[in-house]
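Pasting the structures here.
Heads up, the next two complexes both have chain A, just with different partners, chain B and then chain C.
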Partner chain A sequence: MGTPASTAGLRIKEKSRRKKSSANSFALIFILPSLVLYTLFVIVPTLGSVYLSFTSWDGISEDIRFIGLANFAEIWQSPRVHNALKNTLILTVSLVLLENVAAIAMALMVDRVRWFKNLFRSLFYFPTLLSGVVMGFVWTMILNYNFGVFNQILNAVGLGSWALDWLGNPDYAMVSIILSTVWKGAGYYMIIYLAGLQGIPTELSEAASIDGANSRQQFRFITFPLLAGSLTVCMVLSTISALKIFDQIAVMTDGGPGFATETLTYIIYKVGFGELRQGFGTALALVLFVLILIVTVIQVQVLRKREVQH
Partner chain B sequence: MIGRTAKGWFAVTLAASLVLSACGSGSGDVQTTSGAAADGGGDKVSFTIGYASGDPAARKAISDTVERFMDANPNIEIKDISDNSASSYLDWLKTKDAVGEFPDLVEMRDTEVFADAGKIVELPSDLVELFDSPPEVDGKVWNAPLALNVPQGIIYSKKAYADAGITDLPQTYDEFLEIQEKLKASGISPLVVGGKDIFHMGFWVNKFLIDDVYAKDPDWNSKKTAQEAAFVDENVVQAMTDFKFLFQNYVDKGWLSTPDNQTASVLVSGKAAQLFSGTWMFSQIEEADPSFEYGFYAVPDREGHVNVIGLPSPAGWTLSAEAAKDPDKTEAIESFIRYFFEPEQYSLYLASLNGIPSTKEKVEYEASPAMQSALDLMNDPEVTKSLAINNWWGENLIPPQFRNWFYKKLQEMVVSDGDVSDYMKQIDTEYDNQVKTNAM
Partner chain C sequence: MKESTRKRIGEAGLFLITLLVDLLFFFPILFNLMSAFKSNGEIMRDAIAFPTSLYLENFRYLLTETEFPRAILNSLILTAVSIVLQILIIPMAGYAIERRQAKWTNFVFLYFLAGMMIPFQAYMIPLFKELKMLGLYGSLAGPILIYVAGAVGFGCLLYTSFVKGIPKEIEEAAEIDGCGRYGIFWKIVFPLLGPVTASMVVLNGLGIWNDFLLPMLALPSGEPKTMVVEIYRYIGEFSSRWDMIFAGTALSVIPVLIVFVFMQKYFVKGISSGATKG
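Entry: the complex of A and B
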């Protein structure tokens, strides 16, 4: 039997527990529709595909033959898959770094600029409204070797020797995809960073300023650490998005020239649909799923540690 | 609280079921529908049609025929779902199949693969009679050939040839290379290639393969599958060495990012002097610039022989197995096929893409001088007729996944200046692996 104080404490705890449980039930009602649809259209097919990854199914016939781990063994040994993995990693690292650096720079500019704040915000955000396919077509036209605006400008200003086959040259095709994707994606992350910046108390910067800190020091020791929450979200989202990139590659290079821009998601589509190897494509999709899972978990763990509460 | 929660669950379940039923009602709208048709006639039959629509002229010709057919048959509705912008027609067809929208009437190119999968049915025997010895797969005729395979060759700008001082057409492959040198020296890019579209790569690859391999041995594919022949063999290495040399020296710099449908523009704009393609390009070129003067010839081999694509292959309009289960739909599709091949309709289709008729009944249209050159090639018994690597069938069928990989590998070989023999070794390994995989 407890003391009156401890009994009161237990009552408060019980009340708080009930309140929390009621709030959870209420939240569940709102989550449930999405959860049902997600389970039906994502989780169930994903689990179903696990079986397919152990088959040699061509995707059209009714003959689905179990071949054990042969697909996974082929993934392990295939130079084409290794090349796609290498391309995916190059693309992911480049995109995550460039998109986030560009997004932070744009957010800082929009946050600090005195004039045309809304205009800049709209200009930077506009590309994110385009679909990957539309963006791909636009850049394909701009970078076209024969009729593209970019090469025509270079020719017009006397730099004709710099005019290249930007999407047909293996050295530049990946760079072209990376830069055009940064152009499209950075605006989205800018909004998240902007929200983060606007949540940082101005007193901190003012105090630092009085103490003699210049703008670079203020960014390094105040702004950037306090953006850690936004950074975690943006890094995770941009990593997942980069690992899954598909539209731009399908439209701009078709994975080429040769296999120079073929990524894991693209090879999954090509082998699954174009090459009639659904079983192998599904096995690759599972490998990509595991890869994304591992990368995301590690990333969240690392980034969460450096988040600062204020 | 419990009551409230239960109400919440009910509302959620109701909402989910509404959403799901809404999703369900959206699909399967292409059905045989009974009831009053717009014209007030009896049952209205509807079927879907799918074909390779990358060539704008062919697309227009088919969609015009569809429109005329529906005007003449108000009880039949044809839904054209050929929105394929994919670089590979097979990708598109397979995707359509995966989402349950495999066309009821489909232009089939990979007949054996889809026949083995049970996705298509034989052509009804009364339709088979329309055609002159259509090819058989497993002893059955599956397709109503849209046209016979046409020869591919050089479509050249007469002005560019005149400017470069070229007066005679080549009689051997070495003379052809001399022409390329003259064109290059005159300051024009000799050849435009639409290498962004992987099927376009096949035009040149198969020209060399036919000259060095298939013209002498039409059963080479089956020998390769049985490992009695190889890509590292001297004749194949020679073919691919010629291919690499040509691409590294005489092809327009932007070839890897140029799509097939841009090649006509590059040619008529004077950026390049020649295009290696088929007779279907004539109408595209004339549409791009009606005043553009061009000629056509087949590129001879080193000994001066002319070998071209020209054998029949199992491809064309094919009924899907699903559509064949519905007698009304089958009847509607059959009547469309008959209509399509009626001489007055078929001649319009053939004229729009300079095709060669596949029907027994004579079909005539006015042929341009360039088209006449192509017809002369087809009628010349001295010219060897062959097929592209992926158009053979039966024992000579290659693994369906091989063609695109092979062409991409050759692109890589050219841009990385790879050793031809090394690449042929890699290609042999991949081919054998694919044969092994498909046998599993």
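Entry: the complex of A and C
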């Protein structure tokens, strides 16, 4: 034991070094479980996809044959893949537009309505609580040709001649999936827009209305521009979720009739697990991943720029 | 005076429009719940009519004549265990990343966030090969670990931003009182993170409860999997027992609606805070 005065400096240095390394080891212990699981069950299989995409693996046999870029060449040429890409594009663009328009309209209604605000918000949000499978089943029943509610209503109002097999008709199957998915998805984005609306100071619209702006002008020049932040988030989130849609297609149309509603996610599943071409499936999965990456990055760039301008 | 009556009319008009649109929105759910209490004949005859009596035969059949109870149990286990593990693991990581601001923790944070961009389909095929290699294929443990791993990115994002708002002085005071790192975290910081945890529980819990693709592919065939997967299977197999399938969907939806009614605040908070930070 030395005298305190002579060793004080050393001790402080030693203490701070020890403190730092103990801080590091505590942080590592806290982070480690997440790090291990995430690496093992997200990153490793993703890298596995990159590897398998260069093979003709069927998903079962031990024999994993390396075939270079053949899978990607097939993607480039296959009419079925092009059709799936086209369907994915139609689905995504329509969903993003319709979901966001519906969500903004719903948010405005709930924000402005005087009575039962909470109840109305909950009712709009309810559909988002359903799984894609349940939602798909309910809409399959509503759109059923023989006894579905929709055709029943058409009959009741004298439009019986418009009744159709909505999901069995290649021209309407995609429209049906899009509209029922808007029903399911819009409530989620409504919550985000509502939070945005509540952040807009009421003085602004009050001042505008004193200046004689009508409610349409107020929306156009005040409310909508100030929702730019929420719009960015909702556009990005709705795009990603539209690109990933799977459950309702599985239930409502199984990609059909023919290939009318086969999207990129659905073809990955069909090819990988139905046709046992998992090498080709992973190559398609990587295309989906890259597509999501590119679209998101572009969207964030463009929309952020727009936010700044306003 | 005239101005105020006009305002009244405007308010009433908006109320009626909102009510109408909302009822339209609610109809498919009402239709689902109603049909669960009707026989097949009634559903086909008049799909819009209310059930005439409290008809419980669909539920009785589903719960006694099929293996649906096993599926309910699986859904409950998957959801509950995954959520508990997420709570045990993810908040700690978020806390450590935020408090230990070092180069390597920042890197780990970015590494976690990158995962939020990777769609499940992009890694699902090798994932099943991996589950087989690890001997986890066909058991509930596989999906549970995958759910926990998949929640790390978004979870850390949520927790780091909330830990930021907790003053460090509280932790320093506890350290002086002789509290260890674990004690500080679990006894002092974690309780303060209650609202974030509640949001994560309800949002992730809902996602797991409703998930379809992962349990369908990762659980053994020939046995009941989860409620959602069983419903999907029944749609294909018993293509005309609509009554029974409606009862199954009602059983899957009703608990969610109940949880939502009581935890509404946390759904809303989770969505809007995740959105502004994301």
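Here, the second predicted complex is superposed on the first by the 267 of 310 C-alpha atoms of A that agree within 3 Å, B and C clash if a C-alpha of one lies under 4 Å from a C-alpha of the other, contacts with A are read in each partner's own complex, and residues count from 1 in each chain.
As a working rule, contacts are C-beta pairs under 8 Å (C-beta built on N, C-alpha and C of every residue); 3 or more make two chains touch, one makes a residue touch a chain.
The structure presented is a predicted model; accordingly, all values stated were derived computationally and were not measured.
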TODO: Go through the superposed model and pick first if A:Gln218 touches only chain B, second if only chain C, both, or neither.
DONE: neither
Open item on the list: Looking at A:Gln299, would you say it contacts chain B, chain C, both, or neither? Reply first, second, both or neither.
Closed with: neither
Open item on the list: Under the stated touch criterion, which partner chain does A:Ile191 make contact with: chain B (first), chain C (second), both, or neither?
Closed with: second
Open item on the list: Is A:Ser61 touching anything from chain B or chain C once the two structures are fitted on A? First, second, both or neither.
Closed with: first
- [ ] Answer with first, second, both or neither: which of chain B and chain C does A:Asp165 touch in the superposed model?
- [x] first
- [ ] For A:Pro257, select first, second, both or neither according to whether it touches chain B, chain C, the two together, or no partner.
- [x] first
Open item on the list: For A:Trp139, using the defined touch cut-off, is the partner it touches chain B, chain C, both, or neither? Pick first, second, both or neither.
Closed with: second
Open item on the list: Going by the contact rule set out at the top, does A:Ser209 touch chain B (first), chain C (second), both, or neither?
Closed with: neither
Open item on the list: If you tally the residues of chain A touched by each partner, is the higher count for chain B or for chain C?
Closed with: C
- [ ] Determine, under the contact definition given at the top, whether A:Pro127 touches first (chain B), second (chain C), both, or neither.
- [x] second
TODO: Touching chain B in one complex and chain C in the other: list those residues of chain A.
DONE: 26, 33, 37, 40, 59, 140, 146-147, 269, 273
Open item on the list: So in the complex, the part of chain A that touches chain C is made up of which residues?
Closed with: 23-24, 26-28, 30-31, 33-35, 37-38, 40-46, 48-49, 51-52, 59, 106, 109-110, 112-115, 118, 120, 122-127, 129-135, 137-142, 146-149, 152-153, 183, 187-188, 191-192, 194-195, 229-230, 233-234, 237, 240, 243-244, 246-247, 250-251, 265, 268-269, 272-273, 278, 281-282, 285-286, 288-289, 292-293, 296
Task: Complex contacts: residues of chain A adjacent to chain B - done: 22, 25-26, 29, 32-33, 36-37, 40, 56, 58-62, 65, 67, 70, 74, 80, 140, 143-147, 165-170, 253-260, 269-271, 273-277, 280
- [ ] Within their complex, state which residues of chain B touch chain A.
- [x] 1, 5, 8-9, 11-12, 15-16, 19-20, 87-88, 90-91, 94-95, 97-98, 113-114, 116-119, 195-196, 198, 252-258, 262, 265-266, 269, 271, 400-401, 404-405, 408-409, 411-413, 415-416, 433, 437-438, 440
Open item on the list: Quick check: in the complex, which residue numbers of chain C touch chain A?
Closed with: 11, 14-15, 17-19, 21-23, 25-26, 28-29, 31-32, 35, 43-48, 88-90, 92-93, 95-97, 99-100, 102, 105, 108, 111-112, 115, 117-127, 129-130, 145-146, 148-150, 152-153, 156, 181, 185, 206, 209-213, 217, 228-229, 231-232, 235, 242, 245-246, 249, 252-253, 256-257, 260-261, 264, 267-268, 271-272, 275-276, 278
